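One chain, chain A, appears in both complexes that follow, with chain B as partner in the first and chain C in the second.
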Partner chain A sequence: MTSLFEATELSAQIAGAHGTVRAVDRVSLAIERGETFALLGESGCGKSMTALAIMRLLPDGGSLAGGSVRLEGEELTSMTEAQLRDLRGGRVAMIFQEPATSLNPVLTVGRQLGESLAQHRGLRGEAARTTAVALLAAVGIPDAARRLDDYPFQLSGGMKQRVMIAMALAGEPELLIADEPTTALDVTIQAQVLDLLADVQRARGMGMLLITHDLGVVARMANRVGVMYAGHIVETGSRAAFFAAPLHPYSRKLFAALPKAALRGQRLETIPGSVPRLDQDFRGCRFADRCPRAWDRCHGEVPTWHVPAQGQAVRCHLYDPAQAAPAPAVLAAVPEQKPGNADAPADLLVVDDLRVHFPVRRGLLQRAVAHVRAVDGVSLRVHAGRTLALVGESGCGKTTVGKAILHLIASTGGTVMLAGEPVSANEPSRLAAMRRAIQMVFQDPFGSLNPRMRIGEIIEEGMLALNVEADGAKRAWIVEQLLQRVGLDGSMAARYPHEFSGGQRQRIAIARALAVNPKLIICDEPTSALDVSVQAQILNLLRGLQHEFGLSYLFITHNIAVVDYLAHDVAVMYLGRIVEQGPADDVLRDPRHPYTRTLLAAVPGIDGEFHGAAAAGNEMPSPLAPPPGCHFHPRCSQASDECRRSYPEALALGAGRVVRCHLYR
Partner chain B sequence: MPILPVILWTDLLLFALIAAAIGAGLYVRRQPHLRAGWRQVMGNGPAMASATVLAVFVVIGVLDSLHFRAPLEAVKGKAPRYAVEVQSIFDVLVGGLRQRTEKTYSAPLDAYLFAKESVERPDGTQSREFPRLKHGGAHLADPAREADADITRRVLSGLALATVLWLSLGAIIAAAQGHAHGVAAGETWRAIWRGETPVAWRAVMVTGALLLVIAGPVAMLSGGWHVLGTDKVGQDVLYLTLKSIRTALVIGTLTTLVTLPIAVSLGLLAGYLGGWVDDVIQYVYTTLNSIPGVLLIAASVLMMQVVIDTHPDWFATSAERADARLLALCLILGMTSWTGLCRLLRGETLKLRELDYVQAARAFGVSKLRIMARHILPNLMHIVLISVVMDFSGLVLAEAVLSYVGVGVDPSTISFGTMINTARMELSREPMVWWSLLAAFVFMFLLVLAANLFADAVRDAFDPRMRRIVRPRTVWPAARGVARGAA
Partner chain C sequence: MFAYIVRRVLYAIPILIGVNLITFALFFVVNTPDDMARMQLGIKRVTPEAIQKWKAERGYDKPLFINAQASGTDKLTQTIFYTKSISMFAFEFGRADDGRDIANEIRTRMGPSLAIALPTFVLSLFVTISFALLLVLFRATYLDFWGVVVCVAMMSISSLFYIIGGQFLVAKLWNLVPISGYSGGLDAPRFLVLPVIVGVIGGIGAGTRWYRTIFLEEINRDYVRTARAKGLSEVRVMFGHVLKNAMIPILTGVVVVIPTLFLGSLITESFFGIPGLGSYTIDAINSQDFAVVRAMVFIGSVLYIVGLILTDISYTLVDPRVRLQ
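Up next is the complex of A and B:
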C-alpha cells in the first residue's frame, strides 16, 4: 500500500543575487495516514521552503528543480495550476506561523471560512453557515454561531490560530502542513493549540507535516522526526529513538544547546559558525565546517544514508560500517564556573509599587475615560551581581516594567531606587547617572540597530551622550575592546548592521549597553528571536559578562528553560501584578501560585512526557477591564468566592518567597 | 571687450542645487545602502533611457542659465556700456534662431507667411499674396521647385552628422568603461550591446541614437528654415520651446528647495515630539490643504505682482524683473505643496520612533534633536528622494496650468504655459495655427514622461515595500573572466 504522502528527491531553487540558491536539496519523506512527521531545524535550513515546494507556492524566482511529490500515489509536480488550486486548501491544507497576518482583516471569519467551503465542498448559503459553525465549534471556539460574524481584530491571537485551523479543516484535508503553528503564541495558548491539532488529527486520521524549530513541540506531537540542515534532511527516525539517542552530530548539538536547570553554572554547548550559503556546490558534508567530529573524509565526500539502528537513518560518515571512525575528539572540558556568591547580596535596584497607567481617551475633548493598568503596583528587588527573571505571558506588562524603570515610559506612580538613591525624571543629573548605571538590550535584533549607522558609531553613541569618554581615539579603542569582548572582530566597527546575522547583532546590542559601564542590564527577551544554538551563545556571553563585571540582570522572558538556566530569582507577572516571587529553584521546583503552576505545566519538555493538560482554558483578560477580585480567578481551577471578591495580599512564605493567593492564607 | 555677467536669482539657486546634487553624489558613494539603490537604478534600461533624455534637457537648461549683457560700442574715455537685453550662452549658441524673426505666423518649413498681405509689385500694381519670409527659405530663388531638394540635402547631412556624433559618443563610453574595468574598448563595446554592463549603457546608446537622429536634421534645417514655424510676432517656435525648458526645470527643482526644509522639519517634529506640537502642525497643514490650491496661489501671485510693480527701482533690467516673478512663483508653489510630503514623513516618523534603536538611544539620554537627525532622518531619506523625483513632473505641469490661467510666470518669460496660453487664440483661427501648441505639447510630454519613468525606477530601487525579484544576469566583466582582483 502506498503512503498517504510521499516526496522523493524533491529539490527547489531560488534565483539569488550570487547565483542559484538550492533551498531544498533532494529531500525525501513519507507520511502515513494519522501520522505526524516533524521537520526540525534552525532558521534558514529550508523547512518552510520544503512546505512551499510541496504546495508549489514558491516565491517569485523560485522553481522546482526535480523530484516527485505524490499524494496517495498521485503526482503533484505535473499538475496544472488549476488542478493545484483545487488541491490546495482541499486535500492538502496549510497553517502558517503568524495568525495575525494570515486572516484578511476586512472580511468576517464566516466569509473567509465560506470561501473555502464553497471552493472545495460546493457549500453555499445556509448549508455553508451550518458547517462553518460546526467547524468553529470543533476547534474549540465558544459561541461559534456569533463568532462567525466577527472580524479578525475582534479575536485574540490564540482564537485566530484556531480559526486558521478551522479554515484548514474546511476542505477536509488528508494532509495538513503546519508551519511553526505555535511559534507566535504564548506557552499556555501553545499547549491548547497543540492539543487541538492532535485531537483533530486523531479524529480525522489526517497526515500532518509539522514544521518547527522547537524540540519540545516535536517531543509532544511527532510520530517521526526529520532533522533538516542546509536544505538536506540529515537524520530521520521515530520520536522515541530520536529522543533516546540522536545520531547526527548536528542533532546532538541541538540537544546540548538547550538551556536547562541541570546545566546551571556551566557553559552551554554551542555550534560555531552559521548555516552555510546554499548557492554553493557542496563537495563534502554540509555540516563538516561546524562539526566537532569531522575529519578529512567529511570535507571531501558527501555522506550517504546509513541505518545504524531500527527505524533510524542518518546521513553521516560516522555511521558507515566500513569506516573505522576516529575516536571522538575529546571536547575541551568546559571549566566549571562557580555560581555567584550566595551570601546575602546588597540590593542594587529596588522598585516599589511601580505603576504605569495609560489613559484611554475618547470623545471630542479627548478626555480620559478609562485607564489601561499595564503595570499596577509592581515591587522588585535586583541584587548586585545576580539575575532576576521577570516571567509572564505576552501582554502582562513585563516590557513596560523594564521601560518604566529606564524612564522610557513615564510611570504613574511608585519609586525606583538605584543603590539607595531615588531616581526621578525631574533631576537631569540623577537621570543621567541612572542611565549610566542601567542599560537595556532589546528583543528584536533587527530593529534595535539603526541600519544607517556603522557599528562603531552605534556603540559610541551612548559614551558620547553620557560623556563617558570625551577623547575620540580612546573611544575607538574602547569600541574595539568591547567588540572583542562580545566575540566579534574589532575591525567590524566600520561595517553596517545589515552585514550581520541575528546573533551577531544581539552581541553588538550587548556591546552598546556595556559601553557605558552599567551595573544593571535590562534584557528584554534577548534570545526569543534567535535559534537554539545562537541562543546558547548569547546566554553564555551574558553569563560570562556577569562573572567578569559583576553585572546584574533584569531578565524579561517567557522562556522558562532560560530562566531555569540563568536566573537566581524569579518574579512571575500576571496582568500588571507580580503574583509570585522568590529564588529560582524554589519557585520553579515548588510553584505555589496556580498561575505559576499552569505556566510551568504548559511548557513542553523534551523528555516526551507531557505534564497534564493546561488548566487555563481561557486567554488572559484585557488589562483595560481586569476581572474583579483576583485577576486570575476566571482561569483558576481552585478559585473560591473569596477569589472573586478581593485581590489577595502579598504573603511572605519565608526564604524570600512571596505569593499573592488566597490559598495560602 | 569684456562682457558683463548677470547672475539672476534663479541662476544662483539652480547652480547651488547642482552643487548640492554633486555633493549628494559624493555622499552617496560612501553610503553602501544608497549606492546599492543607485546602482539598481543605473542598471535599469528605461531609467537610463529617461536619464539620457533628462540629461539633454538639463544641459539646455544650464546653458540657458549662464546670463550676461553684451557690451555696446565703447566710447573713448567713458565707462563701458552694456546692452539692456540679458542674453544667455544658449542664446549665443543658437544665435540665428533668436534673431531670425519674421513678421508673423508661418507654418513649419514654409518659405511664405501664413497670411496674405498687400504687396506692391515692382511694376507698381498692388496684389494680395503670401509674401516671402525674410529668413525661412530665403536662400532659395524659387522655393516651390527647390525646397524639397534643399530639405532633403539638409536632412541627409544632418543624419551624417548624427552618425558621426553617435559613433564618437559610443567610442568615448566604451573607451572610458573599458579603461575603468581594465578591458579592451572593443570588448566593452560588444558587452554594451549584449547588455552585460552593470550600467545599462545600451539603453543610453539607443536613446542617444534616437535623439541624434532627430536633433541632427533639425539642427541642419534650422540654419535656413523655421523647423517648427513662427508665432504671432514671428519668433521661431523651436527657439521658444527650447527656451521653455529652463523655466520648466527651474519650477520643477527650485520649488522642492522650498518644500523640503518645511516638509522634513515639520514632519519630523510632529511625528517625534507628538502632543501639542503635533496638533499645531497638523492643524496648519489641514487648514492649508482645505483652501483650493489655485485660489491660494492666484492670490499670492497677484500680491507678489503688486509688490514687484510698485518697486521698479529694484530691478536693473526687465529680465531681472521677470526672474523675480519666476522665483516668487517657485516660493509660492513651495509654500503650498509641502503638506503631502509632511504628512507622509509624520506617519513614518510615528512608526520609526517606536523602534528599538530609537528606544536604545533614548535610554542613553541622547538629545531629541540628535535622535531626529541621526536616527530618524536618515531612515526617511528614501521617502524624500522618491517624492522629490515624483513631484518634479507634477510641478512642471502645474506651471503650465497656472500660466494658462494667467497667474503663472511673467508674460515676457518664455515657458510652456505661456506658449499654451497664446495657442488658445491660435487654435480658434481659420485656418488653424497648430504648430506652437504641438511643439509645446511634445517637449513637455517628453520631459514629464522621462521624469516619471525615472521616478518609477527610483521608487523601485529605494522603496522597501517594493518587492524585488532578483534576476540573475551574467555580470560583466566577470563573465569574461577578466575581473580585476579576486572576488
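Up next is the complex of A and C:
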C-alpha cells in the first residue's frame, strides 16, 4: 500500500543576488495516515522551505529543482497551477508560525473561514456559516457564532492559532503541514494548541508534517523524526529510537546544547562555526567543519545513508559498517564550581512594592478613566553574584519590571535600593550612578543595536554617556578587550551590526552592557530569539562572566529550562504580581502555587513523557480588568470562594520561599 | 468618534490663527500698504493723497500689529492684523482690494476648478492603481523592470513639459481642441479634455511607483501566504486580500487631497487659461491683492484640516483596528 504522502529527492532552489541557493537538497520523507512526522532543525536549515516546496508556494525567485512529491500516489510536481489550487487548503492544508500576522487583519474570522469553505467545499451563505461555527467550536473556541464576526485583532494569540487550525480543517485535509505552530505562543497556550492538534489529527486520521526547532514539541507530538541540517535530512528515525539514542553528531549536539538542571554549573555544549552557505556544491559532509568527530573522509566524500538500527537511518560516515571511525575525542564536560555560592550572599538590588500603572485615557479631555496595573506591588531581591530569574508568560509585566528598575519607564510607586542606596529619578547624579551599576540586555538583537552605528561606537557610547573613561585611546582598547571577552575579534569594532549573526549581535549587546562595569545586568529574554546551539553559547558566556566578574543577573524569561540551568533564585509573575518566589531548586522541583505548577507542567520535556495537559483551560485575562480576588482563580482548579474574594497575602514558607496562595494559610 | 472630531476641530483653531499670522507677516515683510496702493492705483496718477484715501477706504491706514496710540484692548484691536483677521474666522472675506466681492468670486470660480481637478483626480487614481497592480502581478519580470524605468523617467520630467508639449501636439499640430480658454455649459468638455489628460499623464510616474511599493510591501506579508495556502487564485489574493490592506496607506495620501480639489491647480489653470480658483490666486499674488491671498490661504488651510479629519475617519472604514477616541 502506498504511503499517504511521499517526497522523494525533493530539491528547491532560490535565485538570489549572490547566486542560486539550494535551500532544499534531495529531501526524502514519507508520512502515513494518522502519523506525525516531525522535521527538526535550526533556523535556516530549509525546513520551512521544504513545506513551501511541497505546497509549491516558494517565495519569489524560488523554484523546484527536481524530485517528486506524491499524495496517495498522485504526483504533485507536474500539476498545473489550477490543480494545485484545489489541492492547497483542500487535501493538503498548512498552518504557520505567527498567528498574529498570518491572518488578514482587515477581514473577519468568518470571511476568512468562508473563503476556504467556498473554495473547497462549495459552501456559501447560511450553510457556510453553520459549518464555520461548527469548525470554530471544534477547535475549542467558545461562543463560536459570535466570534465569526470578530476581526483577528480581537482574539488572543492562542485563539488566532485556533482559527488558523479551523481554516486548515475547513478543506478536510488528508495532510496537515504545521510550520512551527506554537513557537510564537506561551507555554500554557502551546500545550493547549498541541493538544488540539493531536486531537484533530486522531479524530480525522490525518497525516501531519510538523516543522519545529523544539525537541520538546517533537517528543510530545511526533511518531517519526527527521533532523534537517543545511538543506538536507541527516537523520531519520522513530521518536522512541531517536530520543533514546540520536545518531548523527549534529543531533547529539542539539541534545547536549539544551540547558537543564542536571548541567548546572557546567558549560553547555556548543557547535563551533556556522551553517555552511548553500550556494556551493558539497564535496563532503555538510557538518564536517563543525563536527567533533570528523576525519579526512568526512571532508572528501559525501556520506550516504546507513541503517545501524531498526527504524533509524543516518547520513554519516561514522555508521559505515565497512570502515571503523577513529576513536572519538573525549568531550566530557569539565565541571566548574558553582559561582557565588561560597559567601553568604549580600543583597545587591532590593525592589520593594514596585508599581507601574499606565493610565487609560478616554473622552474629550483625555482624562485617565482607568489604570492598567502592569506591575502591581512587586518585591524582589537580587543577591550579589547570583542570578534571579523572573518568570512569567507574555503580558504578565516582567519586562516592565526590568524597565522600571532602570527608570526607563516611570514607576508609580515603590522603592528601588541599589547596594543600600535608594535610587530615585529625581536626582540625576544618583540616576547616572545607578545606570553605571545596572545595565540591560534586550530580547531582540536585531532591533536593539542601532544599524547606523559601528559596533565600536555602540559599545563606547555608554562609557561616554556615563563618563566612565575620558581618554579615547583607552576607550578603544577597552572596546577591543570587551569584544575579545565576548568571543568576537577585536578588529571587528569598525563593522556595522548587519554584518553579524543573531548570536554575534547578542554578544555585542552584552559587551555594550559590560562596558560601564555594571554590577547587575538585567537580561530581558536574551536568548529567546536565538537557536538552541547559539543560545548555549550565550548562556555559557553569561555564566562565565558571572564567574569572572561576580556579576548579578536579573534574568527575565519564559523559558523554564534556561531558568533551571542558570538561575539561583526564581520569582514567578502573574498579571503584575509575584505569586511565588524562592531558591530555583525548591521552586522548580516542588512548586506550590497552582500557577507555577501549571506553567511547569505545560513545558514539553524531552524525556518523551508529558506531565498531563495544562489544567488552565483559559488564557490570561487582560491586565486592564484583572479578575477580583486572586488573579489566577478563573484558571485554577483548586480555587475556593475565598480566592474569588481576596488576593492572598504573601506567605513565607521558610528557606527564603514565599507564595501568595490561600491554599497554604 | 464624535468627541474625537470635536477635539480635532478645536485643535484647528490655533493652527488657523498661526497660518493667518504667518501669511500676514510674510506678506508685509515684502510689501507695505503704500506699495499695495501704488500697485492698485497704477503708477502714473499716484499722489500721496490718493494713496492715503485708498488706504483709509480699505482699512490699511492702521498700524500692522500694535496700535501704540490707542489704549486698552484697542492697542491690539485697532490694527490691520486684527480687523482683517477677525472676520475671516466667520468666513466673511469681504472685498478684494480691487473692490470685487471675494465670496462671490470664489463661488463662480469654484465650478471651473472642480471641473478640471475632480476628473483629473479620479482618473489619475484609477490609472495609477491599475498600472501599479499590473506591475505587481508581473513582479520580477521584464515588464515590471521596464515599467519602473518608464515611471522614473516620467516623474523626472517637469509637469510644464507635459503641459506645453500637450498644447503643442494636440492643440496646435493636430488642431483637436483649443489651446486654452474656457466656456461653461455643453461647450466645456472641449476645453477640459486636454488639461485633464495632461494632468493624469503627469502624475502616472510618481503615482504608479508609490502604489507599486505599497502593494509589494503588502504582498510579502504572512497573511498573503496564508491566502495562497488556502488555494485562492492570485487575482483573488490580490483583490480580496492585498487591496483592502493596501487601502490603509493609500488613503493617507488620497483622502487628504479631496477637499483641496476645490482650490484647483495654480499651474494648470494659468497655462490653460481656466478662470478657476488657482488662476485667481496666482493673479492675486501678482497684483499684490492681500485680501484675496489671505482668503485663499485661509480656505486652503481649512480644507486641508478637513482633509486630515476625513482621513482619520476613513481609516475606521477600512481598518477595523482603528477606533477614534
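By our rule, the second predicted complex is superposed on the first by the 658 of 665 C-alpha atoms of A that agree within 3 Å, B and C clash if a C-alpha of one lies under 4 Å from a C-alpha of the other, contacts with A are read in each partner's own complex, and residues count from 1 in each chain.
Basically, a contact is a pair of C-beta atoms (placed from the backbone, for glycine too) under 8 Å apart; a residue touches a chain by one contact, two chains touch by 3 or more.
Just so we're clear, the structure is a prediction, and the values are computed from it rather than from any experiment.
Participant: Aligned on chain A, chain B and chain C: do they clash or fit?
Facilitator: Once chain A is superposed (C-alpha atoms), there is a clash between chain B and chain C.
Participant: With both complexes superposed on chain A, which partner does A:431 reach: first (chain B), second (chain C), both or neither?
Facilitator: A:431 sits against chain B, while chain C stays out of touch.
Participant: Where does A:85 make contact in the superposed view: on chain B (first), on chain C (second), on both, or on neither?
Facilitator: second
Participant: Considering only the touch criterion stated at the top, classify A:119 as touching first (chain B), second (chain C), both, or neither.
Facilitator: In the superposition, A:119 touches chain C alone.
Participant: Just chain B (first), just chain C (second), both, or neither: which does A:451 touch?
Facilitator: The answer is first: A:451 touches chain B but not chain C.
Participant: For A:461, decide between first (touching chain B), second (touching chain C), both and neither.
Facilitator: First partner only.
Participant: Considering only the touch criterion stated at the top, classify A:255 as touching first (chain B), second (chain C), both, or neither.
Facilitator: neither
Participant: Now for A:104: first (chain B), second (chain C), both, or neither, which partner does it touch?
Facilitator: Touch status of A:104: second partner only.
Participant: Considering only the touch criterion stated at the top, classify A:305 as touching first (chain B), second (chain C), both, or neither.
Facilitator: Touch status of A:305: no partner.
Participant: Counting only touches as set out at the top, which of chain B and chain C does A:512 meet: first, second, both, neither?
Facilitator: First partner only, chain B.
Participant: Can you check which stretch of chain B gets into chain C in the overlay, out of 21-29, 291-299, 345-353 or 381-389?
Facilitator: For chain B, the listed stretch overlapping chain C after superposition is 291-299.
Participant: Which residues would you name on chain A as touching chain B in one complex and chain C in the other?
Facilitator: Shared contact residues on chain A: 60-61.
Participant: Name, in rising order, each residue of chain C that touches chain A in their complex.
Facilitator: Residues 3, 6-7, 139-140, 221-223, 225-233, 240-241, 244-245, 248, 318-321, 325 of chain C touch chain A in their complex.
Participant: Under the definition above, what is the set of chain A residues touching chain B in their complex?
Facilitator: These residues of chain A touch chain B: 15-17, 19-20, 60-61, 403, 406, 408, 431-432, 435, 439-440, 442-444, 447-453, 458, 461-462, 465-466, 496, 498, 509, 512, 516.
Participant: What part of chain B is in contact with chain A in the complex they form?
Facilitator: 31-33, 355-357, 359-367, 370, 374-375, 378-379, 467, 469-472
Participant: Any idea which chain A residues touch chain C in the complex?
Facilitator: 55, 57, 60-61, 84-90, 93-94, 96, 98, 101-108, 115-116, 119-120, 151, 153, 164, 167, 171, 361-364
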